[in-house]
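Shared chain: chain A. Partners: chain B in the first complex, chain C in the second.
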Partner chain A sequence: MWGWLARLDRVPRQTIYLLMFVACGLPFFLDVRLPLYVWPETRAVFEVTDSTPPNKVVLICSNWVQGSQGENWPQYEALVSHLMLRGIKFVVIAVDSDPLAPQFSERINERQAAKYGREYGKDWVNLGMVRGAPLIMASIGRNIKSVFPRDYRGNSTNDASKLPILQGVTGAADFQILWAIEYQPSLDWMVWLDPAGRVPVAFGSAGIVTTSWYPYISSGQMKGMMAGIRGAAEYESLVREKYGSRYDQEGLRGGRLLVPLAFGHLVIIAFILLGNLGMVAKRRAGKGGSR
Partner chain B sequence: MSWTEYWSTSWAVWLGAFCVLAIYSYLFRDNPLYRLMMQIFIGINVGYAVVVQWKDILYPLWWLPMTDGIEALLGRGQGSPYGALWVLVGCLGLLWYFQLSRRYLWLSRIVIGITVGIGAGFTFKSLFGQNIPQVVDSFRPLGPSAIAVQPRPLFPLPASSVPPLLDEPLLVLAAGRQALAVETLEGREVWRCPLPAEPSARLRSTPEGIVVPCGDKEVLINRDTGRGTVRARRPVPPTLRGQTGLESGWQPDGGRQDVLVKQGVVSPDGREILASYRMEPSGLAAMSVSDVDGRTLWPQAPPVAGSKLFDGSRYLLVAGDREAFCVDASLGTVVSRVPLPASPNWMAVARMADPVHDQATLLAAFPSGEILGFAAAEHRVSRQTAGALLWRTSLRKPVVWLGSSGGVLFAVGPEGGSALELPNVPKALGASDYWDNWVFVVTLVCVMSYFFFSFRSEPRAVTGVRRMGRWLLMLGFGAFFGNTVMSRMSFLLDRLMFLVDEWIKPFFQQLLG
Partner chain C sequence: MAARRRFIAILTFLAGLYFLLEFVLPPTVPGRTSRGIYLSHDPTVVRLRTGAGDFVDVAVRPGVELSMMVRDPTGKLQAKVQRTREVSVGETLTARTRTFVFGGLRNGLVVDAEGAVAALRPGEQLYLDGSEETPADLAALPIGSKVRVEVRSARVAEVQWGSVTLLQNRERATIQLGPHVAVLREKRKGTPDEIEPYEARVGDTLAIGHTTFLRDQRDTAAQFNTVLGTLALGMGLLSLAMVNGRKLKRSGEDRWVALAFFAAVAVGVCAGVYKYYDPNTTERAFSDTIVFRLLGPVGSTIFSLLAFYLASAAYRAFRIRSAEAALMMATALIVMLGQTPFGMYLTGWLGEQLKALWLPNVAGWILRVPNSAVVRGLIFGTMLGGIGTALRYWLNLEKGSAMGGGD
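After this line comes the complex of A and B, so read on.
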């Protein structure tokens, strides 16, 4: 028996990849739902964002492009769909990112705006990209319009007729929360945007780096985060929980990708167990390897 | 949809699907198709990025301001001539290319030096800003504290026989035959104004100045100079039952002197609403809250009883002899209920200056001079429950009025008063928090031991701690590995979603009609 089990130590990688593809692809054709426990770090940032008063805006630094869209797209869309649903005004910027970042965010903004009947310049504005962090972060905190004289579409940020959203928005005091969404957001936001620490900072980042943020959440330097796809799914579920059927989830990715992700995790856990079993069996069968 | 229409819209999806599958073919084995696709992808990406870099970054942010500036310098344009200074940025940037020349390599070092110097300066500040709070947070309680927080006395305040007026940045008090203003930052006297008689009612703020009622006369005092003008007393807003303050917008409702109205109360969902409350001998008996269209949002009255009504900005405070209620003015719900030792002279709600500890504190002052601070509502940062007693202090002289601004509490009575700094309320820690802190400390000690005591001979205790440190490190790496798997799989899922939703499903729908 040990000899047969020892073969598990040499499963071809093609088999593993094929099973992974099947496990992850199957849920796209099936209606499978999984219970979701919302982590406190997601709930905290949802509550701060949801309680944005009419005289403040949410500032989003959207630095993601195709390289991390697997996780950042669901996060960004979950956030923007919430803001559009509630009519919370938001300003999108990109700092030291790939120059394509504003295109990616704007495509999602327009799709969600069409769903909820929101208007560019009144409900949201995309100011495009700027370089020069971390100094530019401090300048954004002092006077965002001095950093972005024009928006991504070429309108002057001082033009009240085209961008009424920005009239009354100057700096950090007018931001309800800063969301930095990218593969690995910069910790400099906590230090430079508002040295007094009045603007809560939230990250939407790749799952691989989420463990790095916990010390900053614990110390209060960060308000919370969306951790990978799971964070996006949690955020969507919080919005659904509060706003029910008014929340149109068509096309949102967080909740949809959660089930394939869980299936994929199951395959990986299964192969870790099988691989270890194979290693033990190989040793028992005396077919090489050191004790 | 005909096949012609299908192909006219779906060819790009098929091309994308082919590229995705070609790249994933590497998982089977390395092959020429994968290599071809990889090179094409990199080439297109770089080419596209170069165009976007110029179109979205260099052209609008460097070229346009520079050419506008040069045009202005030559007297031909409307822009700022200082824009021409962007030429220097271009020149400095070009110095980098002297890296390619052995003879003029030193020129590139100028710009490298500038860049590294600036970067080092920023990094220095960033590291301190990021890590000092981390160091502070690492000092965690391992057991309950025996020392309670207390408000810290800042400076004394003069006496006031009537409730004073907090008119930022001044606090105006009146006692005897004079009114005086102190600034709220350090308590320094700003001006002093004589009164024709002793003040008889609370001070009011009007657009013309500050009004001090003195019997059948009143004095209108200029806020800036402190100069007073005596005039006949004009009709004033009636004093309601209790000690309701009118600073934050609550007004008696027209002819009804027992109804308080405030317009523009912000409800939790961001709507501005009209709130109306009536005070009766039995307490806060009837009220309504309606939106701008006049629709009643909640007609029922909260079950509170009391004899005094106080203004708590977005809260209404109803006090009886032995308990008080904090009512959310926008919802009509009782937020907290606190026990009192006696009927309070005054109640108010204070907020902290520090947004991290922005605890709404319910303040109650008593004839004995004692002041109590309660959590007005549940506070998520400190995790204090609504109505929890946060601190208590005593001025040892009667207090008739409380007010607060920017985390400072002003307590005033006929024998004088004091300004107190409100304490940051510490977290309400439970058993699980102390357990977490112990895990934190033990992990820290074990892991540090692992790195510091890796010597050939060491005591047995250190060996055990070191070994545990290694295990704890492995636990940490395991969590890190789990997140890594989630990230990598997310990228796969993104592409699978594209293949299924945009390629396979539409194709089969077209095929099967």
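After this line comes the complex of A and C, so read on.
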């Protein structure tokens, strides 16, 4: 028996790849429902975002592009769908990102705006991309319009008729929360946007880098985060829990992608256990053979 | 080479010095700064001379905004707001003297929404809020529109500097304002905010003094940084073009790769330019196809390969060969399971009383407590290393190619 089990020590990588493919692909064809536990880090940022007063805007730094869209897209869409549903005004920027970042974010903004009947310039604005972090972050905190004289569509940020959303928005004091969504958001936001720390900072990042943010959350420098796809699914569930059927979940990806992700994790865990079993079996089989 | 190296070293040192001084020095000159509790103030009055020779006195009060009209790169007028202390005699300014809601015309006079006459002084003109180029056409202006009264492109003839009255050591003291005299509102936490005197409220603690100018240049430094960052993009493209250009000249197999590079750049530039077109145009459809139907799937595919490599690597690497490895594997399994819905599925049955033992909560504890401690240690280490490296660059101790040294 040990001899047979010892074969688990050397499973061909093609087998692992195939099982991984099946585990991640199958949930797309089966209706699998799993219980979801909402982590406090997600709940905290949801509550701050949800309580945005009418005189403030949510600032979103959306730096993600195709590479990390698997995780950042669901996060961004969960956040934007919440803001559009509630009619919370938001300003989208990209800092030191791939130049395509505003195009990716704007596509989602337009899709969600069509669902909830929101209007560009009144409910949201996309200011495009700028380079020069971290100093430019400080300038955004002081006067965002001086950093972005024009929006992504070429309108002047001082033009009240086209961008009424920006009237009364100057800097840090007008931001309810900063959301930085990308593979690994910059820690500089905490230091430079508002040195006084009045603007809560939240990250939406790839699951693999979230371990780095916990010290900042416990110190209070960060309000919370959306951790990978799990965070997006939790955020969607929080909005659904609070707003029920008013929340149109058509096309949202967090909850949908969580199941393949969970099955993928299960394959990794299974292979780690099997590998160790194989290693033990090989040792035992070796000892048996020598006797 | 030596001259280039010296130039880079001097430039780096000066840039570093600016940031150090800006961080260390207070915003106003120590010893020449008055501190106290705000009581009242007399506004500064800027006398403007319009192109037609009219004089308009603008008292700097709430609602008043002084700005310089500058053209942005697209040629459109853009107002650059100026602080009162930056105003100097002889410069050309635009002043927004007030805003109100247009209530129509009565006997040829402009009235506001409450019916009060909004008398315009010679040189003042009405602009529809949001329109920057031309004055509003009063006959066609809809009632209820928000309008601004502005004096455009007028020369500053004189500045009568105001003053601020502070309570210092239980006595009233009048502090004269002047050019480059900054008014700072102190806060319980963080750096003080620079304000206009009319923004102060009775009871605020103010610091008034001659500015050290360092903070004024922060936006310029940020823009310099932006320009450098953007230049780096162009330099990267230029460098790639040179490398691939050389490959193209040679008749090796590499030339097809080089050709693909130039074709990709051409397509990328077109897609980048066309993304600003209206959504229903062919150009925009081309851009969207390249970005969302080509780049998107390709990027995601490459990134998703990680899942397969990760599974294979975890299978080979996570072997329990020591007690430490066993601890690490147990932790990894708990954190992995805790982050997926299976964590709740496996331990949710324990009930509310044993909530602390739910896998997501155990995983959360591991991430918030032991993981945070480790990450903090790492941060301290990397930050100290970062400071050391920064000092090496700043003091020209770094001899690498980035500082003009050899390749």
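The rule is short, and it goes like this: the second predicted complex is superposed on the first by the 286 of 291 C-alpha atoms of A that agree within 3 Å, B and C clash if a C-alpha of one lies under 4 Å from a C-alpha of the other, contacts with A are read in each partner's own complex, and residues count from 1 in each chain.
The rule is simple: a contact is a pair of C-beta atoms (placed from the backbone, for glycine too) under 8 Å apart; a residue touches a chain by one contact, two chains touch by 3 or more.
Please read all numbers here as calculations on a predicted model, not as lab measurements.
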Clash or fit, chain B versus chain C on superposed chain A: clash
Touched partner set for A:M129, first chain B, second chain C, both or neither: first
Which superposed partner A:C24 touches (first chain B, second chain C, both, neither): both
First (chain B), second (chain C), both or neither touched by A:R253: first
Which of chain B and chain C A:W39 touches, first, second, both or neither: second
Chain B versus chain C as contact partner of A:G220, first or second or both or neither: first
Partner chain in contact with A:W2 - chain B first, chain C second, else both or neither: neither
Which superposed partner A:Y243 touches (first chain B, second chain C, both, neither): neither
Which of chain B and chain C A:G70 touches, first, second, both or neither: both
First, second, both or neither for A:Y116, with chain B first and chain C second: neither
Segment of chain C that clashes with chain B, given the candidates 99-107, 261-269, 279-287 or 351-359: 261-269
On chain A, positions contacted by chain B and by chain C: 13, 17, 20-21, 24, 68-70, 99-100, 130-131, 135, 150, 154, 195, 197-198, 207, 210-211, 215, 218, 227-228, 230, 261, 264-265, 268
List of chain C residues in touch with chain A within their complex: 72, 74, 76, 78-81, 128-132, 146, 187, 189-191, 218-219, 221-223, 225-230, 233, 272, 275-276, 279, 287-288, 291-292, 295-300, 302-304, 307-308, 310-312, 314-316, 318-320, 329, 332-333, 336-337, 339-345, 348, 358, 360, 364, 367-368, 371-372, 375-376, 379
Residue ranges of chain B touching chain A (in the complex, touch as defined): 27-28, 48-49, 52-53, 56-57, 60-61, 122, 125-126, 129-130, 133-134, 136-137, 266, 268, 270, 355-356, 380-381, 476, 479-480, 483-497, 499-501
Residue ranges of chain A touching chain B (in the complex, touch as defined): 13-14, 17, 20-21, 24-25, 28-29, 44, 47, 51-54, 68-71, 73, 86, 98-100, 102, 128-131, 134-135, 150, 154, 187-188, 190-192, 195, 197-198, 206-211, 215-216, 218-221, 227-230, 253, 256-257, 260-261, 264-265, 268
Touch list for chain A against partner chain C, complex: 11, 13, 16-17, 20-21, 24, 34-37, 39-40, 65-70, 96, 99-100, 103-104, 107, 110, 130-133, 135-136, 138-139, 142-143, 146-147, 149-150, 153-154, 156, 158-162, 195-198, 207, 210-212, 214-215, 217-218, 227-228, 230, 258-259, 261-262, 264-269, 271-272, 274-276, 279
